[in-house]
Structures are given as structure tokens and as C-alpha cells.
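Got a structure here, written out as C-alpha cells. Questions coming.
Lettered A, B, C, D and E in written order, each chain numbered from 1.
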Amino acid sequence: MTELRREVDVAELPTVTFGPRSLMWWGTLGFMTIEGWTTAILVVSYFYLRQNFDAWPPLRTPNPSLLIPTINLLIMLVSLVPARLAADAGKRLDLAGVKRWLAVTSIVSIPIVALRWWELWALNTRWDSNAYGSAAWMIVGFHTSLLLLDVADTLGLTLFYNIREMPAKAFSDTADNSFYWYFTVGIWIPIYLIVYVGPRIV
Amino acid sequence: MHSAFDPHSPQARAVAHLWWSMFAVGGVIWIAVIVAMLIAIARRGDVDFGGRKRGLTIFVAGTGIVLATFLAYDFAVGHDLAKRGAPTLTIGVTGHQWWWEIEYEDLRPSQRMVTANEIHVPTGQLIEFKLRAADVIHSFWAPNLNGKRDLIPGYASSQWFQADTPGVYRGQCAEFCGLQHAKMAFLVVAQTPTDYLAWRTASAAPHTPPADSIAATGLKVFLSSGCPLCHTIAGTDARGTVGPSLSHLASRQTLAAGTLLNTRANLMGWIVNPQALKPGVHMPAIPLKPAELNAVVTYLETLK
Amino acid sequence: MKARAVLAASVILLPACEREDRRLNAVPPNPPQQFVSEVRLQPGPTEMSDTTEGPYDDNAPGTAEGQRLFSQMNCSGCHSNGGGGMGPALMDDQWIYGSRPDQIFASIAEGRPNGMPTWKYRLTTQQIWELVAYVRSLSGLTPKGARPTRSDHMMVKPANSQTPNAKPKNTVKP
Amino acid sequence: MTLPADVIEREALELDRVWSDRQGFWGWLTTTDHKSIGKRYVATAFLMFVAGGIEAALMRAQLARPGNTLIGPDRYNQLFTTHGTTMMFLFAVPIMTAMGLYFVPLMVGARTVAFPRLNAFGYWTYFVGVVFLYVSLFANTAPDVGWFAYPPLSGPEYSPGHRVDVWAQVVTFTEIAALVAAVNIIVTTFKMRAPGMSLNRIPLFVWAQLVVAFMIVFAMPAVATGSTLMLAADRAITMHWFNPAEGGDVLLWQHVFWFFGHPEVYIIFLPAMGFITPIIETFTGRPVFGYTALVLSNITTAFFAFGLWVHHMFATPIPEVGQSLFTAASMVIAIPTGVQIFCWIATLWGSKPRLTVPLLFVLGFLFTFVNGGITGVMLASVAFDKQAHDTFFVVAHLHYVLLGGGVMPLFGALYFWFPKVTGRRLNETLGKWHFWLFLIGVNLTFFPMHILGLNGMPRRVYTYLAETGWGTLNLVATIGAVTIATSVIIFLIDVVMSLRGGELAGDNPWNSSGLEWATASPPPSFTFLHTPFVTGRHPLWDVKDGLPVVTGLSTRERQVLVTTTVDALPDYRHSMPSASIWPVYLALCMGVVFIGSIFSPYFVLGGLGISLLGLLGWGWSGVGERQEERVALPDGAVKVL
Amino acid sequence: MLRAESTCPMSLRLFVIIGLAASTVSCKSEPKTPGVVLSARTGGSPSNSDTTVSDDGQWLRPAKDYASTRFSGLSEINTGNVKNLRVVATFSTGVVRGHEAAPVVAGNTMYIVTPYPNTVYALDLTKPGFPAKWSYDPKPEAASQGVACCDVVNRGAVFDQGRLFFNTLDDHTIALDAATGKPVWDTKLGDINTGETITMAPLVVKGKVLVGNSGGEMGVRGWLKALDERSGKVVWTAYATGPDSSVLIGSDFKPFYASDKGKDLGVSSWPPDMWKIGGGTMWGWIAYDSTLDLIYHGTANPGPWNNDVRPGDNKWTSAIFARHPETGAAVWAYQLTPHDSHDYDGINEQILIDLPINGQTRKVLVRPDRNGYMYVMDRATGEVLSAEPYGVVNSSSGVDLKTGQLHVNADKIPTVGKVVRDICPAAPGTKDWQPSAYSPRTGLIYIPRQNLCMDEEGLSANYIAGTPYVGMNVKMFAGPGGNRGVFQAWNPATGREAWSIKEDLPVWSGALVTAGDVAFYGTMEGWFKAVDARTGTLLWQFKTGSGIIGQPISYRGPDGHQYIAVLSGVGGWAGAILAGVVDPRDSSTAAGFVNAMRDLPSKTTKGGMLYVFSL
């Protein structure tokens, strides 16, 4: 073995960091990129298929309903607040705050998932009616899988915080969980505009 | 009989020229790289580092020039291939699993003609092919005459060429289309305009009822079996469009989309057990008694 | 132990082999010889089975070939895409002449008096059996994994693979 | 200051206790050690190479003479599809990322990858895919529509049964595995480099892996979208992405597939570029010429790779203007590749290289790959491509590129790093036999195919007529295939013999310069006793008075050093999770979801349900014990808890 | 009843029996206005020609008169008292398929022919409850049901010279002695094995029984045959396709438009041999103008529906012919829809009236066609005087009156593998077979019709004799407005709609209009409706047992009072969902019509009943 020579000592360095300094944040960013890109490919395909149609939505397919999706969008936007507050509490190492705001985020996120069911039917078409239906269902459906994943993550974290003592790095995880939630809500805005509002505009 | 190296049309010739020039330049580059590599490992002694950076610049510039030349040449050839006058003949080609339906178009509907797996064209004239797929994607390719073009469901496409010299050129489906992709060939028979017209007239001639009695029995057997449900023989009551048209079958050179030479033995074998010769083909084995088979084949052989 | 594992594995895999097997040169079983009874009533203790399988019922390529024949032999002209029209619907639970594979074989091969032609002189036994499998798939009587799903056509009905099993109810001749 | 030997010994013992896995099967199953996983990843992928090779050999046997009836069309179509799918999805990409997962941490001086459990999950997911495809092959349910699975042939109407579903889901498994690996490699490279390894000191191997990881992130979602979200949905739940009658479009598939498919070639080929540079450096004993040029050409290749996909579709009716653009892009990509070749030859030039087996494979690479590159430029020409497309000419081209540009460097790499991984060297003599037979075999098999293709022989045909005159050249190609098979058998014998009694290698048998050679062969469970400190591009060649290292990482837990992204300054100490069964469990859940989806959508729901359980378990077991922690608050302060 | 073999038996008989005409009606004289029937209207109002005059006490043929007006001169029932109509008799036919027939009344007997099995009943109108005098069962072949495209309907019998003539589904034309119900002759005209059936009501003109075949969806070759009224022997056969000799195009043939001129167009406008299986059947209505001595009939759609396999104009399908009844020789022909791609059969009724056009009165033929246009043609020459759309049409953009050409909208032509959406009108056309009525009093045509559009996809069509030869996937749905049916009053003089009534379901019954200015029609829900012929106001309605697709008639009973009769019994193409054993989950079922009719079973049920109403 080569002879070793001490150059630096890192014993004093921190063990928990937040945001871009932490590994988990980068991992989260990686998956956001993959999922965002997948969504982008679906959206491009949606517009590609649109060229095959004279009308969009196709003839005798009503426009998507806006009521439920808009309500859900508003709930999602509102949910950003507790998510942000939870992240902030985490960054302050405020255990009570983290518990409180995680719980609020969890409670707010459940109706989002529930409304998603009616949101799919608000497309007013079926996935097996035609390519328009397939594309619209698939985009919303794929986002639903992201949504479920993050809601499950939030619920799990909330659960853990309430049944055991969590180490400090969980504060960082809480912040990353909120970070992913911003993404989930963030890409929903263009999806909402493209899939639900778009057919009404053009 | 079937090669891009042996062009018989201006289109295929332009591509062949492009190929040979790319081959020459590419070959020189390949040899140069190998020689450089061999010199590099053979030269013993630490050679100085100077000049490499300039070498890199020159190399990049050189590569760029070669590529730009290729590109320009390719665009020129592409331009030539895309350029075409009004076709003198339009032929519809529909790809089926696994045979080709050929329709000679004509502004007078009654002069249209449908045949299969063998395309006759006059030489010296631009022929346009309207390509359509009946099921999956196929690709129309007669290498001696022009490059390939895909037949894609939901899309209309076309290809064209002008055969220079009379001859028989083989073509084959070039896009994987399922079980019998390998046995989906066709022949392009280029003929002088006179010969072509003669063939065209003969092929449009109505069916004459068979004179000899065995053939007449054959027709009867043909019509009372499953054959007419899939095949057409112009002028008879057989009007099926599922399989290739058998009108003038005897004048074709091959059977089963270029799979077999059109001989009596092959025809018999094909009718009795097509699955042995082309497994998976949609034609079932026709249960005929030997005498019936003999009669049917005798009849089919009269379809010149 | 090892032998048992191998046996278990083959039991799992065998249906798959069966289901995907392209029987290019198959010799299908002979057509049913007996005449088909058009009533369910029979004197004495009854033991009627509706579970018999046609040779291609659990065979996806065979069923697909049946689907092809169904449109090419113009079955679809009368029976549409299973919904009927000039002929009776095939995707519902009503069977005038019985839903068993041998009964359907007989219907196709022999024809039926109210307009169903006889096909036995035109189609081979194998082709008729393939049609039987497809016809049964229309009402969900064949295993789901072997049934065709949507074809590349206008969507006029739910895919066969989505059709719930319509438990046959034999009805009398109209 | 030099570290005292007793401290080193004590620390080594403590670290080994913390990092090593439990004994026995359970330890083997639950390991998150990137080296264990990397090894089994490479071994599984190589097994797939052998399996794909056997399929190829069977196909060559069938094609040896015209009208052969050895294998019927049904089996042949399954074989060539399985061959293509295996080679692309189960061999080439996995083995390249596996090499990265094993070596990137070693080369950047890290103890493990950034996400060890994710790494294990990736491997097991891939493993499920492997098992699935091969079980289906033996159950006569292997896909038979080509590795490209063009609809409508692969659609529900023309591919009844589940064969294509198997394909679509096998692809899904490998997508997940590749994406997980890519994220791991990216974060490992960005955040876990040894202090001092700034961006301009990253080894070219790692650069290549990094670039490829980014390509995976942007390419793989395309085919995942196509296969899982579109094709499988069309087949299973009656969607209409590819049904022209209901507004779908069969060319959409070709776009999404080749948007992945072309970068895929570079995903296979660029890591090989990373193998070549250290081999050339080591055996010429000098730094490679044009480090910056090589890095830049890697990056440009990656960018251009996304702009070429349409050249797979020149025979389709798409606008000619678009085709011209793609022709130009396809030709331009030759420049960065040419630059790389120039740099390597310039490095070799007059260097008195040691002609060991790894270097021989690099030379074989040049001989073969340049040929494939030149035919690649030819195929970029629309006019010529319309003749050559979908013929054996393309088969020849792609095998020259992939065998020459991927497999040959891979063999070189296996010979080169085998001592590091196993502690023993491979036999040089057998290696030379392997090399020469392989080189001859590849050229004998594939060179005739150029001529066959232009003589009109289409791809994917299970037989051909004697009248076509293709018999002789096909026979030559089959003989070549036998030669290749022989060479691979020699290699396998060499591996088995060397594992048993090969020459012991020592830490750095080739006198190489990379950090991976700074630790023992095979590396200990903790990889590096101390994280090295990097002062140049060639750490071991730069060493003057002992390797500079970092101290202060805990020896009581799996702690690694995280550094800053650009300059690689020490930033914080990160605790890695322990071994866990949950990655295996979750991979099996993926199996339930995706394999089950073929049979019923309810499997998806059920599978997701049990996956949630797995996620909870994963999260629970990853929380770790509360201990003294130093938290870096966002405002810069450090709070000790 | 006069039995004289007069050169002009009809008008003479009319004159003698009812003496309605104010002025002498003679065979060769210029037509004059029958003053009693026609109230004087302000200048320029259309008048009916001699061919419309008929015996208002009886109803001898489904269209009432040779001019196909379905106008009854009886006026006892009028707009004021129609609300008092009540059922006076019912009669169950014993069949529950689509009843498209019109009862015919001759003397004191009413004759009904049922759908398959085509039983004929003679009802005695003199006795209470109209008991059956006799019935006749022709026992048609059961297999014929399997080749009848659109239910096993029959559109009625015809009475002439003491005999009743009717067709059976299995291609027989039978003459019965009207008094005894004994068959006089029975001629087999076609072969169900090739897909031929007969559903039309024959017409007797000048001692010839005119009969055409059905089966355009089975790849048959359409024909119209004339049978000798006495012997049943076929006198002439005019095919719709093929060489001029078989279409009976000879030296008399003088079509108005250049596109209809040429030799053997019935062959040269088809790909080789396709004319032999090209459709052009004749299952609709025939009119007769005794002045010009011409019969007018249409030909149905070309086969198969998939138009890819039959490039060309496909003459003489979807056309109108004028022929001499004795020889069948064509005098002119006009192709309404050349190269039809949407099943626009040209078999609808032609109403022969006199119409003021540009200040002069022209003898015209009015044809509300399937393709969506109301053709007004000079019936002597075949010139199209106007062709206005009377429903929603986007499959074409109008008719060029100079060339006679229909401007087809190429975007709406389906080909194999291509789905074309939103084609209006749908395959049954703006109006199908269901005949309209014309009232000389109001000058309006009363059109029962549908308002449907469709999606179409071409499929490859394989010809197998005796099996359907269609090659099209069709999905129909309600047109703009959402109502599937319309009862429309149309002014042929102005080419404008006068009024219309929206009906939820297609109006698949015939129309009747009376001198009491009441128009009658039935709906598929089963409502039998009477509306004011001038305004369209609903005056009375009655719910029958099943949906109505029959043709209402009016006659004077033995008691001297006016009666209205109609058959109720849903079915036909529109009612296929009830008539056949179909499954509405398949929207292509019954060639796509079922998709538009999924709710029919919830609105009515099968039936087969005659209803007779009176004040």
C-alpha cells in the first residue's frame, strides 16, 4: 500500500446540510429531471398527435371540465404554503414546527389525491376513445403517479415524526420532501394549462 | 439479379456512383488511420510532442472538408433523385402480409388491372409507385432500380424509377413485417415499350373458358372449393381479394411472392401444403383429391 | 426437491407455451360428428358441460387468425364486430344454437336455417376452429390472455380483452 | 505528516467492521456495497453477452446455407429479437453503467456511491428483467417483433398474446435500472470526488461515465414513455397512441424510439472511450494528448447524439428538408469522434507502448471501429441510406461500431481492471489468443455483410433463396461467428482459471496513474482507508512523498466525505445507510407491477400498494440512530445537536 | 271496376268512378286543374298533372297514384276535427319485424302484406272489426332472412285488375286473385344465394308489373324487371350496370348532360368486371307519367361501400332513369351521385308535379334524394332545374346545374385505413326510402326524414357471393341540433323549407296528406301524428303499440266515411336494434345505425299491428 500523508482533517465538518449542499437534494433533483423530461416527452407527443385531428378535442368530444381541476389546482397551490413552512421549520431545526406543518401538508394533500379521480373524468373522454383521450389520460395519469409517490412520502415522514425520535438529518429530508412537492405542483401548472385549459383556447 | 452494385436506372446509378466515391474516400481514410496506428506503435523512441496541436487542427479541418464534400454530393444526388417529370405510368403497390398487390392505374377505370408480386414496366419511362400498407409497415425495394421506401399504415408515400435496360430485377420487402418477412419478394420485369404493351394487352384480355376437359374440371373444382373466397381470376366468378390475384398466373415467373419458381410441381406442392414451404402464410392447405389437384393445376396452367 | 421445483416451473410455464404457440402446421381435431342438440331439455338426470374448450380457445395466434378470417370471410358483414346486424350478435349472452365450441363449429360448418351459410366446403377444419375461438372470445368465453385487444381500426366497441364473460343463455330459435 | 502504521491498522479494523456485509446468503442478498453490486452487475451482464451470443450463433447456423430449415421463422424471430434486446438492454447498457458503478467511486476517491441502496435496487430491478426475458424465451413467449418493436406489427392486432408485452416490460426494467444508475453516477461524480479533484482533473473514464449518465437521463425516458406508457397501454388497456384510425400515429413510435435509440449507441460507445484512455496512458506511460479536446468531444458527441434520430427513418415519408438537417448532423458527429481517435494515435505516436492484451484490444478497436465509423458516415447520406437501410449493410455497420467500439474496449477494460477487482491477473497468452480470434472473427463475420446488404439481402430474414447468390458470403459469416464463439470461450476459460490460480496482482500491477490503483486489490469493503487528496490529473504518477489523504471521517459509521461540485472542496460528512433487504423487496414489487400489468391492471394497483409498504420500510430502516450531529444551517452557522 | 284495355285506363276509370274532374280529363289532352280538389290559389301556384289524379275512395298502391303524391282528396277529416280521431279497428299481423308496408284498399277490402314471411291478409271492411277474409302464406325460404341487409321488410302490395301483386323476400313476385287469395302466378326472379332479395312494392303500369331487386350490400347487380301482368312472364329486364344492351340504352336514349352520354358507360366507368357485382339495385319507388308515357325509377348505391376498389363514376348507380314502360328502353338517365362513397342510394320516390319555373309551368319530377338535395328535374328531358339541400350536407357542396355534376367534398371520402369523421348526411341519407307526400292544395312536399351524420372508415372488402360486400365501418349519430328526425314541409316552387318539426328519433314512416289539409306521419316511439299541413301545428296524436315505420293511407270506407290506416311495428334499418338480435355495445352494428339508436329499446318495443282510425 502506498504510503499515506495527511493533507486535510475533516473531523470538524458538519454532518447534516440543507439544499444543494446535501446529497439527497441532488438525488431528488435527478429524479425530478427524469420525471419532468418524461412529462415533456408526453406533452410533445400530445401535440404531435394533435396534428392528426381536425378539431381538438375531437368532434363530439366536449372540452374538459374546468371546475374540479381548477379547485384542485387551487388546493395544490395552497398546499405549497404548509410545505414551505415545514421546510422552513426543518431548516430552523424546529421539531414542533416540522411536526405541525408536515401534518397540515398531509391533511391538505389527501383531498388532492381524492379529487384527482374526478379530475381524470373531468377530461370528459375515455382513454380508449381515441388518441386524444389516450394522450390526455396518460399525461394526467403519469402525473398522478408522481403525486401519489410524494403524498406517500409526506405521509410516511409525518408518521415517522409522530411515532419515533428522528435524527437531525430528517430535517433535511423534510426540506427535500417539500422541494419535491414544489416540483409536483410546479409541473402540474403547465399540464393543467395544456390539458384542461388548452382545448378551450385553440 | 438483385444488387445495388448493378444499377439499371438513372436513380440507382446516381446512388451507386455516390457509393463508389464514398467507398473510395472512406477506404483511403481507413487505410490512413490503420497505417498511422501501425506507425505509431512501431516507431520506437520518444518522439517530441510538438506539432500535435497543429496536427489536430489540420485533422479537424480535413475531416470537415471531407464531410462537407460528402454532404454536398449527397444533397446533389438527393436533389437528382427527388427531381422527376410527369410519370408515364402509375402503379399502385400495396403491401400485405406477405405478398404484394400491384395495381396498374389508368384514368379510364375499365383499363385498370390488378395483379400480384410481379411488376412489368416499360423501359425508358418514368414509373411512379404509389405505396400503401394493408396491415403493417413494409418497405418496397428493388435495389437495381432505386432505393427503398416504406409503406406505412396511415401514410401515403411514393417511389419512382426509370428502368434503362430490359431485364428481370428482384426486389424484396425490407422492413420486418412478421413471420414471413423473409419470403416477401417481387420481380420487376422491365420490357421494351413494345413488349410491355404486348404484355399489357395480353394481360388485360378476358378469361377464356378452358377448352380441354381436365382444365374445365379444374375450373369447376377451383370455384367449388375455398379458392375463390380469397383469389380472383378475372372473368370468372372468383373475386376474392384476400390473397393475390391469380389472373394470368401461368405467365408469372414465381409463386408465393418470389418464394418458388412457377413450375407444375411447385404449384402442386404449394396448394397441397403451403405451410411447409412458407410456414405461417395465411393460405391453408387445400384438401384436394389427387385427380382434383391435377385438374386445378392443369387449369391454372392455362392462365397464360 | 429439485425435481419438484422443475415440475412446478413447467406447470407455470406450460400455459404460456400453449398460449403463444403458432401452430403453423397443426392438424386440428376432427369436426364434431354428432348432431347438435338445439334444446337443453333432456329426459333423465342431466349432466351437460359447457366447459369444453376448442383447440384454439387458449391460443392467441390461433384466435388472431380467427379474427382475420372473421373479417375476410365477411362474417363481419352480418355479425358486425360482434354486435350483429343481419345476423345475430355474438358478443352477448344469447346463443341460438349453443355456445360450446363444437356447437359453434357446427353452426359455421353446417350453416343455420335462417341465413347462416354452410362453410364446410370452403374453409378448412383448422380455419373453422380458429373462427370458433374468435367467436367465443367476443363474449369473453375464452381465457383473457389469448383474446385479441383492439385492432388498428375505428374504435367501434370495447376490446375483446375488456369484454366481461357473458355467461351463455341459450335461447330458442326466433 | 505521515500516518503511523498502528493507527492505520486500528482504523482499518474499525472501518471493516462498519462497512462489511453480514456473512452468508442474507448478507449477499442485502448488500449495498457498490463493489459487490458492481461485480454481480458486470457478471450478470456478461452472462447476457454470452446468452445473446448463443442466440446469434443459432441465427448464423440457420443462415449458413440458403433454404435452411434448422430454425423456423417463429423461433428465428424470437431469437433475433431476444438477441437485439439482450445485447442492447441487458448487456451493453448495464455492463457500461456497471463498470461506472464499480469504478467511478474508486476513481474519484470515494468510499461508495452516493445512493448505495438505490444502487442495489437498480441491480435487482435489472435482474428481474433478465429473468423475465429468459423465462419467456423458454416458455415460447419471447418477443418476436425486433428489438425496435415497430407498431403496428408490435401492436395489439398483429402481435396477439403476450410476447410484445414481455418486450415492453423488459425494457421498462432496464430503463429503471439505467436511470437509477445514471443518477447515482452523476451525484457521485458531482458531490463525492476526493478533495482537490476539480472538474479539470476528473479522469476521462469518469468524464465519459458522467456524460453517459446525462445521456441516459435524457434518452431513456423517451423509450420508457414509448414502451411502458404508450405501447403497453395500447396493448393492455386499449389506448390509441399508434392506431391511425383513431388519431394515433405509427411514426410517433419511431420518433420516441429513435430519440432514445440513437443516443443509446453513444451510451454504449462513450464509456468505451473512457476505458481506452487509461489503457493507452498506462501502456504508453504518458498522459493522454488533448485532455480538454477529449472531454469536449465527449460532450459534443452527447449533444449531437440527440440530433440524429431521424436518420433511422430516412425511408419513411417525412419531409426532405428535415432529412437534410439530420444528414448534416449525422456527418458532423464524425468530427468529435475523429478528434478522439486522433488524440489516441497522437498519444501512441512513438511512445514505445507495451503491447499487452488491454492495449491490443484498443488497437483492435481502432482497426474495427474506424471501419464502422466510416460506414456510419455513408449511412448518414439519405440517398445511399435508401439503398442500405434495413439490409445486412446496416447489420455490418452496427456490429462494427458496437463490437469494435464497445465490446473490444470492454474486453480491454476487463483485462486491465481484472487484477484490481479480483487481485489476480488474467493470462496474457490466452488473452492474445482471445484477442486475435476475436478480431479475425468479427471481421470475418461482419465484413461480408456489407456486400450482402448491397447485394440486396434485407435484415431480419430467417432464410433466403439459393438463387439470390447470398450463400457463400453467409457461410463465411457463419464461420466468423464460430471464430468469435471460440474466442469468447477462451476468455471464459481464462477467467475461471485466473480466478482459481492466476498470478497475484498487487495494488498497481500496470503502474497506472488512477486513484483506483491507490487501494488494495481487491479493494477492502471501505475501499479507501483514507479519502485521497488529489493534486493533479494523474494522482499516482504525481505522488512524491506518500499519497496525500484526508483524515477525520468517523470510523464508527459508514461516513463519506461530500465535496463541492466544481472545486471539490471538503463540504460535509455524510452518513451512508446500512445494508438492507428493502431494495430487493422493492425491485420484486416492480416485478409484480410491470409483469402483472401484462395480465391485469389490478396487478398495478396491488403492486403499488405493496410498494408503498416497501417505501415505508426503506424509509424507516434508513432513518438511523439519533447521535451527535453537527448541522450546517442555511445561514452558515453550524449547530451541534 | 272497369276492365277495359283502354290506352288510358287510369284516367278513364277515375272519371267514371268518382267524377271529380270539373273538366274533361282525356288521355292526350293538356292537363287541367281538377277544380274541386284544388282550391284556387294565387297566381303561380303549382298544380298537379293528370298523373296525380286518382280514386280517392281507394288506395290501390302504396304511393296512391302514379305521380307518387300520397295525397288523398278526402276532406272529411280536417284540421278542425282531426282531434276527434279514434281507433276503429286493429289487426295483428303476427309478425314483429319492421312493418314498412302501406295497406292497400280496393273496393271494400284492405290488403296487408307483412314482413317476412310475407303473409298477405285481406280484411273485410264491411264488417265490424274488419275480420280477415282470407290470408295467403307464400312460405318464403327461411335463409332469405340471412341475406336481407336491413331487416326483412316488405314495402307493400299493389292492386290492379282484380289481382294483388306482391314480392317475397326470396325473390318471388306473386299475383293473387284478390277475391279468393288464390295465387294466379308466381315467378321467381332472383337467387338468394347471390344475395338478392326483394323488398320493394311492385308497380303495375300498362299491364306490366315492375319489380326491382334488393341486395346492394351483397354485391348483386341491380335490375328492374317488367312482368306481364297476366302471365307473370318477364317482358324486359333493365340492369343498372353493364353494357348498354343490358341497361336497355338504345337509340331513344337522350340524356341531358354530357357526363351521362357515351357508349357502354355501365362498363367503362368501372374497373374490369366490377360492374357485375356493382350494386345499383332497384328497391325503391317508381313513378309513371302517362302523358309522356315514361316510368321513373332510381338505382341504388354502388357496391361495395368502400370506394377504393371501384374508381370511376360507377354508372348507373345512384341514378334516375326514365324508361318506356312497354320496352324498358331508357329515354334519359341522370346520375345523382357519381362514384358514391356513402351509400347514397338513389331509390327515393319521384313526385311528378307541374311547377312554375321562371314564369312557365314545367312538368317536373321532384326527388328528395339521399345525398341531401331536393332535385327538381324536367321529367321530359332530365334537366336539373334546381337542387337545393334540404338537410345538413357536407359530403358535397352543391350541384352544378350546367353540367349536372355533384361537387363532392374530397375531404369526406373515406378510403381504406382512413377514418373520415362527421360526414353529413349519414348513410341513410337526408331521407331514405320513407316516402314523402305532396299536397296540391298547399303546394308543399311533406318529407319524413332523418338528421344523422356519421364517421366512416374504409375496410378492405372481399367479395364472396351471397355474403355482405360492404367494406366500411360506420358509426352514426345525431346531426347538428341533436334531433335525429325531422318532419319537414318543403316548397318546391321556391326551393325553401316552409316549416319543420324536430323529432327525437328519425322519422322512418311514410307521409300522408289529405284534402282536409292534415298531414300524417308516425314516429319510431309509436306516436301517430296529425299536423296542420299549412303550419305544422300538431293537431292530434295517438300512441300505437310499437314504433311506426309504415306508410299511412286514407280511404273512404263502405260507410262513406274517411278512414286513416297505418301499420305499427318498429324495425327496418333504423330499428335494427329492435328487429335483430344486436348488441349496441358494437357501434358499427347494422352498419352503424344502431349507434344512433341505442335508446330505442327504452322508447318502444317490437310489434306488428294495423291501426285504423276514423272520426
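By definition in this document, a residue touches a chain if its C-beta (ideal position, glycine included) is under 8 Å from a C-beta of that chain, and two chains touch if they have at least 3 such contacts.
Remember, predicted model here, so these are calculated numbers, not experimental data.
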item	value
Maximum centroid distance from chain D, chain identifier (CA atoms)	E
C-E or B-D, whichever has more C-beta pairs in contact	B-D
Distance from chain D to chain C - Cα centre to Cα centre, in angstrom	47
Rounded Å distance between chain A and chain E, as computed from the means of their C-alpha atoms	64
Euclidean distance of C-alpha centroids - chain D vs chain E, Å	74
Chain centre separation (chain A, chain D; CA means) in Å	30
Multi-chain contact residues (two or more partners), chain A	58, 128-130
Numbers and ranges of chain E residues touching at least 2 other chains	417-419, 457, 462, 464
For chain C, residues that touch 2 or more chains besides their own	22, 24, 72-73, 150, 152-155, 158-159, 162
Pairwise chain contacts under the document criterion	A-C, A-D, A-E, B-C, B-D, B-E, C-D, C-E, D-E
Contact footprint of chain D on chain C as seen in their complex	13, 16-17, 19-22, 24, 60-61, 63-64, 67, 144-146, 148-155, 158-159, 161-162
Contact set on chain A toward chain C in their complex	128-130
Residue ranges of chain B in contact with chain D within the complex	1-5, 12, 14-15, 18-19, 22-23, 26, 29-30, 33-34, 36-37, 39-41, 43-47, 49, 52, 55-56, 59-60, 63-64, 67, 70-71, 73-75, 77-78, 81-82, 97, 135-137, 139, 141, 143, 146-150, 152-157, 170-183, 185, 258-259, 279-280
Of all residues in chain D, those that touch chain B in their complex	72-74, 77, 145-146, 150, 152-153, 157-158, 244-245, 249-251, 289-290, 293, 315-317, 320, 323-324, 327-328, 331-332, 334-335, 338-339, 341-343, 345-346, 348-353, 355, 363, 366-367, 370-371, 374-375, 377-378, 380-391, 454-456, 458-465, 467-469
In the complex with chain A, residue positions of chain C that touch it	150, 155, 158-159, 162
